[in-house]
Each structure stands twice: as C-alpha cells, then as structure tokens.
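Here come two complexes built around chain A, the first alongside chain B, the second alongside chain C.
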Partner chain A sequence: MSQSILPTAQKPISNRRDSQVMLSRVANSLYWMSRYIERSENVARLLDVNLQLMLDFANFNDDQLKEHWLPILCSAGDEETFFRLYEKADSESVTEFLTFHEENPNSIISCLFAARENARQVRDQISLEMFETLNECYLFLKSKNARQVWQSGAHEFYEQIKQYSHLFQGLTGSTFTRNEGYEFINLGKFLERADKTTRILDIKYHILLPSVADVGGAVDAAQWQAILRSASALEAYRRFHVEDIFPNKVAEFLIFSTTFPRSIRACMQHLDEDLHRLSGKEHREYKSPEERAFGKLISDLNFITIDEILDSGLHEFLQKIQITLDRLDDHIYQEYLYHPPVDTQAEILLHQQQMQQQQ
Partner chain B sequence: MLLNNYQTEDFFDEMFASDGVVRPHYQRVADRLHLLDESEHRRKQTAVDLAFMRGGVTFTVYNDDQGTERIFPFDLMPRVIPDTEWQRIEKGLIQRITALNLFLHDIYHEQKILKDRVIPPHYILGAKHFRREFMGFNVPKDIYVHICGTDLIRDRDGNYLVLEDNLRCPSGASYMLENRAALKRAFPDLYRNARVKPVDNYAADLRRVLQYVSPPSLGSAQPNVVLMTPGVFNSAYFEHSFLARQMGIPIVEGRDLIVRDARVYMRTTSGLVPVDVIYRRIDDDFLDPTVFRPDSLLGVPGLVHAYRSGNVSLANSIGTGVADDKVVYYFVPKIINYYLGEEPILPNVDTYLASEPQDRVYILENLEKLVVKSANEAGGYGMLMGPWASQEEIASFREQVLANPRNFIAQHPISLSRHPTWSQNETGGAFEGRHVDLRPYILYGEKITVTPGGLTRVALRKGSLVVNSSQGGGSKDTWVLHGDS
Partner chain C sequence: MIPHISHAEPKEAEVPWTEPLLLSISHLTRYTYEGAVQDSFNEARLQPVSDALQQCQNFRFLIDPASSVRDYPDFYSNCVHYFDVPEPHEELEVIAKSEVQTLPEMRGPVAETGADSLKDHSIKEQHFDFLYASEFVSLGADVWREAVDALPNGLDTVWASTIAIGEHIHGNYKYTPLATNVNTRASEVIKKKQGVCQDFAHLMLGICRTHGIPARYVSGYFLNQHKLPGEIEASHAWVEVFIPGYGWKGYDPTHRRETDTRYVKLAVGRDYGDIRPVGGTFRGRGTRNMVVEVSVQRLS
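And now, the complex of A and B:
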C-alpha cells in the first residue's frame, strides 16, 4: 500500500480530564473575535480624527486630499481593493470604504461581523454580557439606522463603535474567567493594538516626506496632534510632556511609554506576560525562534533611544516591529491554534482497515 | 379586560371551562390579566422580543442567503397544568420511555417481541432507522434513549394523547428554559404567587445523565463530556451552545474530533485530549462517513468503531430511530403491554397502517378526511392534512401510499385543545383561542426525570393546527403548579 493514504500525523496525546481544556478552534475564535474588535475601534478612531482634521483644511485640492488619505488607507486597509472600487481617494470614498464596504475585509462593518461570527462559534465560552454587547453592535450595523447615523453625523457613529469596543473589553475584564481563553483574547487585543500603533505612527512618515515646506507649520502641528488622538494619546501625552507637540516626542511617547496602555512597548509587555502564561516558561525564557525574536525586540526597547531610531529611519524601525509581530502571530497559530488537516478519505480507509482486522 | 370577549367556540379550552368560566388553576393568571391593558402588554412583549434578539435566542432561517436569524415567537400568556394532572402525565411518560427502552434492547438482542409475533418482524427489520450492525451490541447501563421529547396533544374532551415520540435528537429544551426566564422578567409578581415548579434543573440533570453513562472502562474517573453540533449554520445552533454553556461542557464539531486506536480525541491547545461521552445533536446517518453516509462532512471517521469498542458513549445511542418510526408508534401500546404488563396511561391517537390491507382500503377511501403522515419525517413535513388539502395533493398522496404503503400511516384529525393567545390586529389586539400541543422532556439516567412542564407550542395562525417553528408556530411558558389551583 502506498504511503500517501496514511493520515497526517497529529499532535501528541495528553490525558487531561480536568474540564479546563480548550479546543484549538475555540482558542482561534476567541483570538480573532478580540483582534477584530480592537481593529474596528482603531479604524473608527482613525477615521473620526481625520474627518475632524479635514474640517480645518477645507481648502485642500484633490491632490492634497489624496496625499492626506492615501497613507491612512494604507495603514488600515488595502489600497489595491480600494482603487478597484473607487476612482479617487477623498474623505468620502476612503471613509465609506473603511467603514461600510463589505468587500474590504478590514472595514469596520466586516471586522465587527467577523467578530460576531467568531463570538457565535464560542457562544458557550464567553459571558452572556459579552455576547449581548457584540450582538447588539451587529444588529445596529445590520439595521438601516447605522448608515443614517453615519450620514447625519459621522462623529456620533464612530463614537458608538468605539463605545461598543470599550464596553466589550470592559466586560471581558469584569465577566470573563481568567483561564486560557483569556490569554488568547489578550493576545489578539494587544497584538492588534501594537500593530495599529505602529501603523498610526507610520502614517506621519508618509505624510511628512512629500512637502518639506510644511514641516513645523500649522498643518504639521495639527497632523501630529491628530496622530496622538488617533491613538487616544493626546491627553496622556500632554500630561507627560507639558510643552508643545514635537514630532520626536510624539514618536518617543507612542513607542516607549511604559505607562500609556496603547504604546508599542506597553502592548508588548502585556504580550510577553500572556505568552509566558500560555507556554508555562520562566520569565525571560522563550519557546521558539519567533518568541525569542519578540523577546529581543522588548530588550531593544529598553536600550535604544528615539534619536537612534530617527537616525536610522522610523519607518524601517516600525516595519521591523510589524514583521516581528507577524511572525509571533504565525507562531501562536502553529503552536496552539493549528492542527494538521484531516484527510477524510485517508481517515475512512484507515478506520475501515482497523475494523476489518477486528472482525 | 383583554379577555372579556374571549370565545371558546367548539374546542377544549385550556383556560376556560366554558365562556366566562375560568378553570381553577388559571384563576391567578386570569386575575393578573384583568389588570393588563393593551399598551402594557405591548411594552412587555417588546421587552421580551428585544431580550431574545439581543441574546441571540434565535434560529437560522434556511434558504435565505442573508443568514437571517429569527426569534421563535413567544406568547406572554403561560399555559398552566395542575399538579394532579401533571402527575398522571409524568407517570405515563415514564411508563412509555421505560417500555420503549426495553423494546430497543430486545430488538437489538433476542427479538422476543418479534418471535412472539406481537409486532410483525418485517416492520422492524425493514424500518429505515433499524441498525442491523448493532445487533448484540451492549450500550452502557442498557440505556438507549437518554433524552426524549414526547409530543402530547389533548382531544375535544381534554384527554392527553401521545402524538409522537422523539427518540433521536429532540430539540426545544433551551426554549423551555429561556421562556421561563422571560416570563419571570415579564410577570415577576404573578410568577411568585402562582407557586410554579421550577425547570432550572434540566441542564444539571442532563449533565448527570451524560456522566452516568460514561464508558465502563473509565471506572470512577470523571469523564470528558462534549456536545457535538453540526455547526453554527444549523438552525438549532443556539440551543446547542446554550445547553453546552449551561452544562459547562465543550461544544465540538466533527472537525474538532479525531479517532486514533478506537479512541476519540478532541483537538485542543494542549494537543489531543480524550473524549468519553458525546451528547450528539447529529443524526445517526451523519455520525461517521466510514459506516453511514460517506458524503457526510459533519461526522468523524472512526467514531462508530470507537463506540463499538466501548471507548466512547453516545447519547442518544445509535439506532433509537427505529422506535420513533410512525409505524412502530402504532404498536407502542402493545409494546407497553408486552414488556410491562400494563395498560398505557397515555393513549395513542387512533392510527391506521397503510401496509395492512384493511386499513389501506379505509385510508384510500377516506383520504379527504384523514391526516396522512410519512413514517420517518418530522417537523410537519411529508404530511397530508386531508380536510384542508387540494385535489392534487390528495391525488399525489394516493399514489405515494399505493407505491409504498410501509411508509405511511393515517389518523383522524384531532381538534387540538386551544389556549388564549395574543393576536395582533389592526385595531390593537386581544387574546384569542389558538391550538397548542405540549412537548415534555424526559431524561433517562440513574433514574428517569421528567422536567415539570416542557415546551408548549402554539399555532399562531387562526385555525391552524401546525405548531412547528418552521411553519408559523410560537411557544409559551408552561407552568406545572405545586397544587391544583
């Protein structure tokens, strides 16, 4: 008999009978439910802030508009899909694409539908309050009312989306058991948040370069302020630096702050703790090359300075973080969420043979 | 107020002995409803519907690519059963499930009932759901039917009759529990004063049943129990996840399980973990593509082998479907008599078998007066309602009965009892009589438990006798009182 019909090797057998086991599919759904909610909140904030920013720059021409919106599009979605669907990138087309377009898998509506679908798959695992919140959000988005609210005042709409996310995350904290599932929810949330903060910061890199003349001008200050607000960080920044908004200070704050919960470093510290709880390894011990690369990055953040980063290129640095996080995501998937696919035909043959041997 | 013009007409009414005369066990409900006006009713109804929608207490509508989810319409007015009446129902149900379980054991072993010619053997051996492969197979604790939902109706005189035994994967228990929760929120004072027996133990009782039938090889170790669902697209998915949550057990799909060396494992974050008991909400045919339908994507290859090897228990057991075949239903009174030497406490509806020559002649001559049912359909499908059917439908059933008489039975239409039920109309709304049935849930483990009450289904359309959720049915909370009033 040829080798090819033998079923794929499976993961090792454990003999746990302690009712705390978690299906990989369930862990996967919890992880993505959480990631999608965090993502929708970030997109909502990004759009809200930039729409408001545009109110101050009503005189922008088409090119300037495109210059402004394109980096935002890149940070939150897929440029290629966008230009397949729209001709030009302006406030209306970009916000529509990132909010309601179901063909864009990263639009707010797609993210929240996917989050709710994942929640439905693990309905038995999450608290009733969590499900109800997400379900209410889903019913709101499915109703005609959602678009009406958006059209009559985009700010209220995005506010509503953010509130659903805050409520959901708050309820997770106050109603979800601290078990393995909680680690997966946190991993999803902090991975997404760290990644989004790098992208929000990276927007400025795109914006900054083309028009050097504006650096330090009114547009520039407003845009750096918008960056901070996109990360919900304006007030926190002001409390930390009681002075004007300087680009290098903003970057420093969003990368290095150990106390602000949306900074890259703070998110990575959370991730580090969750990874250790999952793997059961001692502090500073890592399970795989991906985890080690991640650990090394945390160390780097302890020693490197913002000036060094800016000298060698902010964009490159942010990219390096994104790649490390991507690999970590892949590692989590392989280690906990993935099982080799079952080849049904091979399984059927195997079990038929076993039954025949018995008879 | 909303009941002032209520008419019982020519039906057995659950609440009224005759127009204006309330039965004693409904007195408290009547007193409360007299205080209710239309706007209060509307407020309460809206609140309940919204809570169901928010909580995702819904079923998925098939043939709808929007993935529409609907709530199962809930009528605020509870159905009330006095204690004495309930005790008789309970006895009858226990008698019936005991006999059916003995019957299943017998036909998968000695087949004495066939040898003694109580049932002509061909009815059993040729039944669609008879699993020949399981002859001689022993199920843990000799229990075949762990979960049963029996459909009861009341005739014109108020007698309870068994309409159907659901011995495979009866659904609806989650609605029984959710309806109760909704009603408590809507009428807290009425509920508190009415002295109603609680239904909340259902999930805990079910969990105990599942643990009780764990494989003997496991000894006294705590078994890993799971609920197996066809998946999130199944119309009853809400119920599956609800029950899993209430019992605190994982809900798994076929793709989460794998069989190695005749043992079932689930694929978890810490590798493969053994599964000992499966509460499966999937029909026999889809359990294992190795044995049954090879095209089943819902099942687990090797599951049946693991089951036969005694390494995993299934609830319900494989092969119980033979006992809720509608032709076998005809024989249940004889089954009860044969195994228990008792007369059935809850009688059947009089039934004609199309495969018996005399009955067949009668059926064919009276198609327009009879209800004709296929032996193995459920959910109100595959049915002819003679008095309401068109000539074409009748002609079509005539051909079908002639072609395959084994597959059909016929009954005289029973005018189901009616119950005051909210009916919305242009000018507002009022309570009107609507037909109801009752599905109590029976759990068979160390002992047999019948949850007091069950799911009352109501045909919301005026005059309709069809209570199925897929065909315009709704439901009510069902109260069994601690006393008779």
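And now, the complex of A and C:
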C-alpha cells in the first residue's frame, strides 16, 4: 500500500530587504506622502520658472497670457476646476489657483496638507525629523506669513517650498529605515517625478508650438530653457550640450538621460528596481500586465531614438508614458495598497463540510 | 412487488460471486464555496481496508489546494487521512484512487450459530457500541415495531435472522434516490418507506440491534455491472453482523444479498456519522456546490 501526496507549494524566493509584515494602510500612507511632496515641489518649480519667464514677455495681451498659462493648467489636468473658479487665465489667477486654492486638489497647499496628513497617520513609522519638516511646512502654509512671503516675492515663496521638499527627501534618505516602507516612498517619489517630467515636456507641445518666425529664435530658446529649468535640468543639460538649446536635444535629454535623476528613463529605472524588490521577482521578470507594459516601455526607451519620437509625435509618446505610469499606479494600489473590506461574518462563521450521501 | 427504479435495485436473487476481482476505484469530491473560505480542517476515510477479503494494492490520495496529509487509525481501526488548508481557497478537491484485489470468503459456510449465543455477556460487552442506539440509529418504539414485523416468528440462527431482516427491508421499502438526504435518520425511513442504501443500512442496523444482533455500518464501493445510461455512481453502504463463532459477516439490504468479491470495504462504524467519507469544518460563507464522482472499474 503506498500513498503519494502532492508536493506543497514552493515558497517564493524573495529578494526583499526583510520579511517584516507591513499593513496595506501604512504602505498607502507612505506612498502618498511621498507622491504629494514630490508633486508640490514640481508645481512650485513650474510656477516659479514661468513667472520669471513672464518678465521677458511683459507686453503680452490677455489672449497671449491665456495661451501661456492654459497649457500649464492642462498639464496638471485641472483646467475644468479652474474655470469653475476663475474667469480668465492670467499670471495671478493661475498661480493663485495652483498655489493656494484648497479646492484644487493639486495645488501646493492641498498637496502638502495631504502629505502631512498621510505622514501623521503613519507617525510611528517615520522619523521625528521627517515629520517635523512636514509639520513645519504645514504650519508655515497655514500662517498669514505664507501669503505675505508670496505677495512680496513669489520666488522666495517657491524657493521655500522646494527647500521643504528637498529637506524632507534628504531626511528620508538619512533617517528612514530601509524596509519595505522605503520602497513605497521611492515608488511614490519616482512615479510622480517621471509623470511630472512628461507633463513639463508636454507643455512645450501645447504652448511652444511657435509661429514659423520664432523657430530657432530667441523666444524659442528662452522657452525651451524654461522647460529645462522647470525640471531643474539646465545645468545638467549644459554639461552635455555646451552650445545652444535645441528642442530635440532638450526632449532627448529629459526623456533618455540615464544620469540625470529627473529624466523619465532614470525615474523608470528606479521604479523598476523598487518594484522588483517589492514583488520579489527576478530582474526583468514582471508579474502582471501593468508591470509587463511598464517593462516593455523601459525596453522601448533603450532602442527608440528621439527622431523617431518626434516623427511619430512627441505628445502621443508622452501620453503613452503617462498612461503606462497611471496603470502602474493602479496596479500598485490593487496589489499592495488596497485591502478589500473584510467580511467579518464570513471570517467568523464555522461551517461543516457538506456530506455526501451513500447510495 | 416494488418497481425497479435504479441500479441499486437488484435483479433476481443471486449466487455470491467467488471470483477474485482486481478493481480500480476513483472517488472524487469537489467542494465549490461561496467566495473564499479558510481554516479548513478535514478528515477522510477513503482508503480501502486490507484484510482477509480484500487487499488494497495501491492507494493515492490527492488534495487540491496542495496540502500535507497525515494518517492515523480511529477508534474502530479505520485509516483516517487528516489534512488542513489554512489559506483562503474557493474550491477544495479530494481524490482517492486505489486498486483493490478482492478475495473470496475462505471461512467456509456461515456458522449456524443460534441466537441464544448472543446472550453471552462477553459478547455484549465486546460489541456494546454495535448493540445500542447511535446518532442515526435510534432504538425507539417505531424501530421496535418494524423489528417485530421483520421477524414475526422470532429469531432463528443469527445469519438466517439477518437474511430475513434484509428480505423484509428489501420487500417493504422502495429504492428512491433524492427521497431522503444524507442526514435522514432510521425512524424517518420507516415513515417514508423509501430511501437509498445509506437509509436501508441504518434501518437494518436498528432492527438487528433491537433483536440483540451486533450490527455495524460499512462504507465502501461495489462493482455495479448493470448500470443504466447516465446513472450517477456514489459510494455504497451496507451492514455487517457479528455471528458468534464465525465473526463479522457482510449483508447488503439494498440488493438483498450477502457481500461478495464485488464489494470493497472502506471503513466500519456505528453509523454513517462515524465514518463519513469526507468531513470537516472551515470558516467562510458556505458551500455553493458539491460534486462527487465515483467510478469502480474491473481490471481483471
């Protein structure tokens, strides 16, 4: 009489940092805390640069102003909310909307409040320094002082916001324990950064479709330079391309650079590493359709050239990246952050296995 | 005469088979649950016995989701396979496959032991469990009345009485699938006058015990060579009575015959409740569906 039994399922080989269990709720808060801070920094930079750019175009009429600011609104996807609240899109209304308006979920103030709220929910998981930075930022934004600083010189205000973000991200690197939570913080940061870089680059597609006379002219150069500065990429770009600022070179740099930490490709490589650490899969192995689409996009970036992208449409290409990142975000949510509601009834109820009648 | 309804309805009174058979048996049980369930702890009594009448030559026990299995003998020395599935699962499949060589009765003709021998106290003590009421077999007035009707002239020899009881059940009860369910008790069967093998076995246990004959429930399979098309096969049940000076002897009231080489025994107990083929508990919303597929094939 012999008896054989199916082998028990093999334990997956894991390359995680440790196997400590983390609550989905905690992962969710860390992820969004990180995303919101990165988002606020990008909005601050974008507004700062564009306000400065306006100094060069002081004689813009209303239509031209609208033409300048609308794409910035569009890039954040908030134009609908905006026109519900404001009549015309000029420097003041757009910056006000993107900075202080609490009804705009993507305004700097909304983002940082949300970041601080997320941090508060996982206060026990992050360092004192991290929380205090966010809290200080929160108190600053709530105070009257914030508006005063902004009104007396928007540049100083945005500088302050960027510094909170830099300080927070630096403190995360130097005080946060390297456990799974760190991966979630990184996922949030790099996903947001990659997305924002695509949007900053896409603004050029919206506005900076110049009239024929302007192509290659001073206006064009100033605007492409503004794009680089919006991504903190001007100095890094200059190291590669000492001469003029050419549109295709700027796009190439912001998409393909492997060394510049805000390029789309660099961000995606970071995302890739963190995703693999979380899923425990081998390098270049992807476990869901969303991850595979993401992996495919990374491979595409290794082979496609900027000329091909410009030929087939920069906007379409950037949109494709945004969609892939959006789906990846969905996947991260479903896989790690979402905990389906527990049916306590089903958890508790004890049943007898149904019996078979002998006939 | 009762109309023939299903396979279990016997043909003419048969001569017991004495030809040794090699039988291949497969018994699948599949539970589909309402959503995911967890913490499932189960016992199965699906391994054929090896004794003087049958040799289990090969036995494979498969669980899906994969789970480790351990086995131990229960109070009546049946082999029990225990397994648990703690993680959430929506389906549980239990497959038992075996090859069994059945052997003819070698003890010779059944001893003609008189019923008086059952009054021996040592026999009563030894077979206490099989002489009194159990979960499915009550020994109330209804069973007693049925017992009197079954043997109007009182007890003869133990074996002759057993056969008479079996004939009584077979003659007065109708084989009707779905008229009863797995929880039907012997007293309900008396009311309904119909049932399936499980019910007939329970009723026969009640009548035998009322007359002081130690009787136990047997779960198993039998080679059914007169299958109707589309007929569902399930596991079978019959009884064994204790004949002093001879031992336990099987009788199948559903087919009005003593058990022979077509029968394969899995386990014995006081009634179905002791030896359900698969039983256990789990946490979850409940069971949506249960599928049981049994096949018994003759290899040689």
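In the analysis below, the second predicted complex is superposed on the first by the 317 of 359 C-alpha atoms of A that agree within 3 Å, B and C clash if a C-alpha of one lies under 4 Å from a C-alpha of the other, contacts with A are read in each partner's own complex, and residues count from 1 in each chain.
Following the convention adopted for this analysis, a residue touches a chain if its C-beta (ideal position, glycine included) is under 8 Å from a C-beta of that chain, and two chains touch if they have at least 3 such contacts.
On a predicted model such as this, the values are computed, not experimentally measured, just so you know.
Peer 1: In the overlaid three-chain picture, which partner chain does A:Leu139 touch, first (chain B) or second (chain C), both, or neither?
Peer 2: first
Peer 1: A:Leu350 contacts which: chain B (first), chain C (second), both, neither?
Peer 2: both
Peer 1: Scan A:Leu128 for contacts with chain B and chain C and give back first, second, both or neither.
Peer 2: It touches chain B, and chain C stays clear.
Peer 1: Could you tell me if A:Ala58 is touching chain B, chain C, both of them or neither one (first, second, both, neither)?
Peer 2: Neither partner.
Peer 1: For A:Leu23, is the partner it touches chain B (first), chain C (second), both, or none of the two (neither)?
Peer 2: first
Peer 1: Is it chain B or chain C that touches the larger share of residues in chain A?
Peer 2: Of chain B and chain C, the partner in contact with more residues of chain A is B.
Peer 1: Applying the touch criterion given at the start, work out whether A:Val242 contacts chain B, chain C, both or neither, answering first, second, both or neither.
Peer 2: Touch status of A:Val242: no partner.
Peer 1: Which chain A residues are contacted by chain C in one complex and by chain B in the other?
Peer 2: Of chain A, residues 347-348, 350-352, 354-355, 358 contact chain B in one complex and chain C in the other.
Peer 1: For chain C, which residues count as touching chain A in their complex?
Peer 2: Touch residues, chain C against chain A: 8, 29, 31, 35, 37-38, 40, 42, 47, 50, 56-69, 71, 177, 180-183, 196-198, 201, 219, 232, 234-237, 272, 276-287, 290, 292.
Peer 1: Touching residues of chain A toward chain C in the complex: what are they?
Peer 2: It is residues 1-9, 343, 345-359 of chain A that touch chain C.
Peer 1: Which part of chain B faces chain A closely enough to touch in the complex?
Peer 2: By the definition above, chain B touches chain A via 53-56, 221-224, 232, 237-238, 241-242, 244-245, 248-253, 255-256, 258-260, 262, 265-274, 276, 289-290, 294, 297, 301-302, 305, 309.
Peer 1: Going by the contact rule set out above, which residues of chain A touch chain B in the complex?
Peer 2: Residues of chain A touching chain B: 10-17, 19, 21-27, 117, 120-121, 123-125, 128, 131-132, 135-136, 139, 180, 278, 336-337, 339, 342, 344, 347-348, 350-352, 354-355, 358.
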